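What follows is a short report on a single structure.
In this document, chain identifiers A, B and C correspond to the written order of the chains, with residue numbering beginning at 1 in each.
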């Protein structure tokens, strides 16, 4: 009976770590990310004044982690734009969040039960991104422990790490602070996550990757759901 | 008779789209670009105080589109500096515009008939750059429609898209605006051009590339000549 | 007797130009670089408030020249992070400079005779970096004279060329100046050095590389030692 439970948990962790993210989880990621963009002061005015700037910011919010990781590994920063379906899906979300008549879409997704569900799903994607980033860096630099941590970190933190420049695109400049000087919860957690997954990748942790994914996802999702329910959030 | 006209137009468009740009048209491009740099407030003082900074800005004005496109496609940003003859020609223009005794060179090229001619020639080069950018991106990402548009766009817009950082090099910082938030005519036209040439490249437009080049060049040249004659300009 | 001296000088220059930099000379480079970081106003507060930001700045001070050169040549900007022993050594120096009890380490290394010795050793490393940068660029672009000069220049100047962005990481923003607009002595000397070594690399200078390295190192070390002894310094 006890063995059975362990087996089932292992199977579940395995299945969970292999589950496809597109389109359902990715959609949740895009919705929550673009919501956070809409919360930024002045972003609605930008969407009226310059749709191109607003769309670019939305893409940074959705795909910033890919841009940063591709820069870090010396690839084309806009490499991810080749995935037309992801870009179109995120663009549709951007359109609905900013231009939907009566603000209907926005009102639906900020309805608390819906939002908490989306926020939890976003953390599933974030964890996967960290893992993929560490794995990608490990492939490129077999003993580059620092590179693995950095790439995992930027994959988890995404647009937050380039918030100064994302704000500049919207005409806002706040040099006195940045995400590294004042880390928010998700950025800090991404750093610890990147360190953990790097240790797992180079086999310094006696734990399987699927279990670590499951535990880290649960921790992130729970934390963010609780924080969102208490009206405090970070991207 | 009618068939003959069509044939001739096709031949002309073909020849026009194959015409070499170096050195005559490129020279016109460099002259007009560095003129715009000289129009920037404070740029003459910078040329006295730090020739290296002034020269770097001039290079950004002349080759910014190549730097940006190379960054976007993950190549070396200074890849274009390998073309010594282009760099030397642009450097000679920079020297003449900023340091020619009696400001003689400047006075010659801002003489309106000369300037209008140069401005028209610059648009020939711009169109070619957009086409080359879209083609290059198509080669790297066969189905990357967004990447083709972005690369064509940055090839057409050039330094305008990095004006905040070009200004920073000269000690000027204006974060409240940027070229994406407030698009000038050439930037906007480059975006539409990049979309058109991308549609042509992936064969969604029932028109030959050489015809499209001819029509787009004529449109750009006419518009910029009229705007320059009326003393309103953008890079 | 005279021939012997020449032979011996040639042998010495040869041996000097092949001497390994790691770990002794690199250590001196890290110590002096991180000392300069500690001299920056506000950097001690940053080290208390956000060790991650302080560590990143220290890495930029120690390895900024590699990051810039890798960007210039289109590689991964964090490529150098694969050298774990270098990163760990620099991190240990950063830790000792900022967090050593009683500020003991700092007090030892700023003791003038020690500091002058370290400063001289730093210039040995700087010269080698310029040479390696020019050589690396020559390998990638056989006739790219401008690229060789640029890569040698950024390898010699390092973090100084990105000081605006390094300061931004610490929450400081001074757009009215930058290292290209107001070149300090080491930056200017690196530019001339890069030009000299490029001319040597493409065989326009009738002098061997090892002799040029020896002469340039002696010039740099003497200048910086004199400047440091007179309490005026630049990175």
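Assume a contact is a pair of C-beta atoms (placed from the backbone, for glycine too) under 8 Å apart; a residue touches a chain by one contact, two chains touch by 3 or more.
A quick note: this is a predicted structure, and the numbers were derived from the prediction, not measured.
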Query = Chain contact graph: line, ring, star, complete or other?
reply = complete
Query = Over half of the interface residue numbers used by both chain A and chain B, so same, or under half, so different?
reply = different
Task = For chain A and chain B, let me know how many angstrom lie between their CA-based centres, rounded off.
result = 37
Note = Listed in rising order, chain C residues that touch 2 or more other chains are 74
Query = Given the complex with chain B, which residues does chain A contribute to the contact?
reply = 46, 49-50, 52-53, 56, 70, 74-79, 81-82, 84, 87, 168-173
Message = If we count contacts the way the header does, which residues on chain A are in touch with chain C in the complex?
response = 71-74, 140-141, 143-147, 150, 164, 175-178, 180-183, 191
